[in-house]
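Chain nomenclature is as follows: A, B, C and D, assigned in order of appearance, with residue numbering initiated at 1 for each chain independently.
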Amino acid sequence: MMDKRTPTKEEALSYFRERNNWGRWGPDDQRGAINLITAEKRVRAAGLVRSGRSVSLSRPFPKEPGPNNALPAQHYMKTLPRGKGGFAADYYGIFYHGVASTHIDALCHTWDDEAMWNGRDPKQEITFDGARFGSIEHWSDGILTRGVMLDVPRHRGVPCVTQDTPVHGWELEDILVKRGIRLEPGDAVCVYSGREAWQAQDPERPYSRPFTAGQQPQRPGLHVSCLPFLRDHDVSVLVWDMLDHLPIGYDIPWAVHAVLFAYGVALLDNALLEPLAKACVEERRDEFMLVIAPLPVVGGTGSPANPLAVF
Amino acid sequence: MMDKRTPTKEEALSYFRERNNWGRWGPDDQRGAINLITAEKRVRAAGLVRSGRSVSLSRPFPKEPGPNNALPAQHYMKTLPRGKGGFAADYYGIFYHGVASTHIDALCHTWDDEAMWNGRDPKQEITFDGARFGSIEHWSDGILTRGVMLDVPRHRGVPCVTQDTPVHGWELEDILVKRGIRLEPGDAVCVYSGREAWQAQDPERPYSRPFTAGQQPQRPGLHVSCLPFLRDHDVSVLVWDMLDHLPIGYDIPWAVHAVLFAYGVALLDNALLEPLAKACVEERRDEFMLVIAPLPVVGGTGSPANPLAVF
Amino acid sequence: MMDKRTPTKEEALSYFRERNNWGRWGPDDQRGAINLITAEKRVRAAGLVRSGRSVSLSRPFPKEPGPNNALPAQHYMKTLPRGKGGFAADYYGIFYHGVASTHIDALCHTWDDEAMWNGRDPKQEITFDGARFGSIEHWSDGILTRGVMLDVPRHRGVPCVTQDTPVHGWELEDILVKRGIRLEPGDAVCVYSGREAWQAQDPERPYSRPFTAGQQPQRPGLHVSCLPFLRDHDVSVLVWDMLDHLPIGYDIPWAVHAVLFAYGVALLDNALLEPLAKACVEERRDEFMLVIAPLPVVGGTGSPANPLAVF
Amino acid sequence: MMDKRTPTKEEALSYFRERNNWGRWGPDDQRGAINLITAEKRVRAAGLVRSGRSVSLSRPFPKEPGPNNALPAQHYMKTLPRGKGGFAADYYGIFYHGVASTHIDALCHTWDDEAMWNGRDPKQEITFDGARFGSIEHWSDGILTRGVMLDVPRHRGVPCVTQDTPVHGWELEDILVKRGIRLEPGDAVCVYSGREAWQAQDPERPYSRPFTAGQQPQRPGLHVSCLPFLRDHDVSVLVWDMLDHLPIGYDIPWAVHAVLFAYGVALLDNALLEPLAKACVEERRDEFMLVIAPLPVVGGTGSPANPLAVF
């Protein structure tokens, strides 16, 4: 039974110091918890496709400047004649981390003062040409697994998670119980917090108050208490619309983003989960096949992605 | 029975003038032959997942300059401290059409002197901000269907297709017969021509001799005679490693790339098919579930993609 | 004597319709008023260098996101070893028009419903590969001329121009008279409006309220009444820190920016003029040699630039 | 009298180890030999403007792929309506080091196993956000000085320098004597080697054979013996069309590019000097005013530039 109490700093630290997955898949492993997605697991995930409904979990490629998009993605066009016909081609450029782009984080994306994934030293592994360890190409054969919806607003009977009400690990357990869901190793957990509803309350309010000197960053989201939940259930991927609740509340550099370096869990940031939540209600199901196909960028710290949920 | 004869120009023209799919899914349709991939089709495709083996059909993100990569993709890194820890983030930039990047073409990508997909006028639809019609976001819920391997080198008993021996439509029919494959509407056809073996013969030779003034462009690939094959079988996606055979041999702007504007068929260019061909041999199967998840770029003419084949 | 009265719309229109410079340097001319800067003019300008003090009129390359910088410039680094040593190299990317970057506008940058510079049709001249007429490479041998400071805050005895007090043409005339300056054809006029002081009053206030649907854009700056001033004196270059006062106040697409297509006058937008104004006071001079060296981008609509004033 | 003998490795090393300028302008100096360009020097340089002829030393912004341009610069267009009129704007992106773009190197650009400029440690000073020392913004007030043409092909009576005949320091001395030129501290020396004529002999031949594994890079240019010439004359800027002769011929990472970290001399790489050489002949002069106005990129390792020579 989970303890419904905000953890102390020592407990928080123990989540990623004492319970990490370093060495679990060998000292040189760069795939982390994606190793839990076996061929057999993929077969079972494909078996979840029954109605054939397909839902994209991606926001539009973030071209427009705005309060949540300080570094807009680039889209530039060319047209060229070809004989009596022609063609159009275009350039895409994106600095995809942040809160605007739906993307997957590779294991090399974050670290604390101890180390990055599997105990490696970021000073050695992060270079001007990309990461030498834990980079995205190690997941280039794709992530296909069972996806499970954990719909927090539905559970709470509210439109969205707010700054005052972070999502705790025990609440995710409660949702499992209430919905009769049993998580299995290798699952992708989709934690829906109602980000669209939150944004609609004040379209000009940035989801993430920026990290600026002297200012405490703020945003609603998942509390560090979610870490044991992810670890206990051997989750492989966390798909979320809201990210770590800020301020963290402890003097640690990362809260839920610590699952990258501590557990080897993949993060699918800024997912569009409202349509998926709706589809789950309509399909009367909490599980589906989830497919994520990152671009195989050698040394990349992640990839923009269009995750697909198929019922 | 297919005619094993190189078509005349009139016949070639008739392939996309008389047999086009304009209006087939309504005058405003922007999804084309992807409409043939129904929910039911997706369910059957998922049913093909039996061993759980997953194969990426993507070449590495093309960062390195080279004879086939005149406009290399950009990968730039940043690292930033976060408390006592830190993170790495990166920028990706790519002009993805061409012969270096594995990518999907949207229906708006090509046109001839008549029109683009569904009879639209490219002068109206192609703007500096992107395409207004037939752009990639219309496939943002992904393409999940049955994939079928047509392995030309294996059929011929040679390492690769060459400049002298283009792939003809009747040869693809022969492969179907020989392998006992029955195509169905909505299938994705993977035509493997042995591009890696071809390149290995002369690593400095560009796959595509460029379109330069006064010069006849050259490259081995698929002949315009493949058009009726794709049309007759109601193929939805052509996945290929070698592209249109050049020179086309007729005074027409596009050969196989005409399927975009004529039939509404998606093209997955520069796929990495060698590992898939090998997997088909090992799995003793010619069919698999294929998933393509394009980035939802509003107005985009396509998207870099990492297609996944799952057995 | 100049009329100290806000012009009617008809008068405003007449500024660029009846008094334009089309054909003045030939129907195919692409250099516009820069033609007024003769070799002899350059010699005289160089003769103004007496103390040798050099002042940059460029703001820093705008890498930082902010209220005035919705599309921040990119700066990415690489380092590479070379034998036992090494080197650092970097990438610069910039969409330089707007209010963040100090840049020069080429004649092709703006047009009204009539035409662009010299009566050309933008539909013909502006292509996906750049402008075919009036582009920046026509000034690639640089702009070296006499620069003249018109210091509006000093004239007014205030820190800066404000939204309520646009700069009018008659005020610029008054400054000439008061300071005993005689303009000559080919001069570059530096109109200082105190943008830094204005910004310092509210660092988070954007200088330019964006053009968004239904909203009237706003910013302090130069009134359309400045047009006759620039035309009467045969000014070649307008160097300014604040730009056109908005709203324009008439139903015309461009106010002072009309000098590009109407007169062939170069605009040097977002200049950093505070240090220059200070230097003018210290040097007890209103004139100096000005040098602008645009990057020779074939088809470019302008160029980021670092203009130099030398006393 | 200069020794007309290829130096030994020890002599070569002594050029930048024993004769460096570290500390000459203080231990924290970041402007190097540009300090030699005093206000007085600028006044004298401006005094050289007599005919008013202006010559650009910049090649076109290198947008086109080619044997010398593996990473082409980007130029993308946008047009937008504004009322009944409109405007065009564009994006420029460039990785400007290499052999295609006319650009200036900042002092931080190169280092050997000892240190970078002024004895600093590149591991400390070069970051993902740019260089912290010796970066280009320290020259943001521009470089305006006397330029001197040293025309090697004219001296030799040949069209261009070739791989077999590197430019030596004693040859530059000979040119001074023959032409009756006296160099002064702070001068910019323009060493013309006939790169256009060299390229015209074989348009497909890359000027710089790339640095690839196992291959000795090759290109015609200036020998390391030019170092004492630059140091003895207290040259501030080397403007050149051909760069360091390769192979260097010694086991040292940098030849003439060592002037950056050893002497604090600015390098203006890939200048277009053919028109300037022609102008010198026509104007019957070897000296002129030279202006370089780098973009003030904080932390930048250099800048694309359009240097102007004015007679």
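Assume a contact is a pair of C-beta atoms (placed from the backbone, for glycine too) under 8 Å apart; a residue touches a chain by one contact, two chains touch by 3 or more.
The shown structure was predicted, so the numbers you read here are calculated from the model rather than taken from an experiment.
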Under the touch definition above, the chains in contact with both subunit C and subunit D are A, B
Give the chain pair, either A-B or A-C, that is connected by more C-beta contacts. A-B
Subunit B and subunit C have mean C-alpha positions lying a whole-number Å distance apart equal to 48
Would you kindly tell me how far, in whole Å, the mean C-alpha position of subunit C lies from that of subunit A? 46
How big is the gap, in whole Å, between where the Cα atoms of subunit A centre and where those of subunit B centre? 30
What are the residue numbers in subunit D that touch two or more other chains? 74, 77-79, 91, 93, 128-129
Where on subunit A does subunit C make contact in their complex? 65, 70-72, 77-80, 93, 128-129
With touch defined as at the start, can you tell me which subunit B residues reach subunit A in the complex? 38-43, 46-47, 49-56, 58-61, 63, 74-75, 77-79, 82-98, 108-113, 122, 126-131, 137, 140-142, 144, 211, 251-254, 289, 291-308, 310
Any idea which subunit A residues touch subunit D in the complex? 74, 76-78, 91, 128
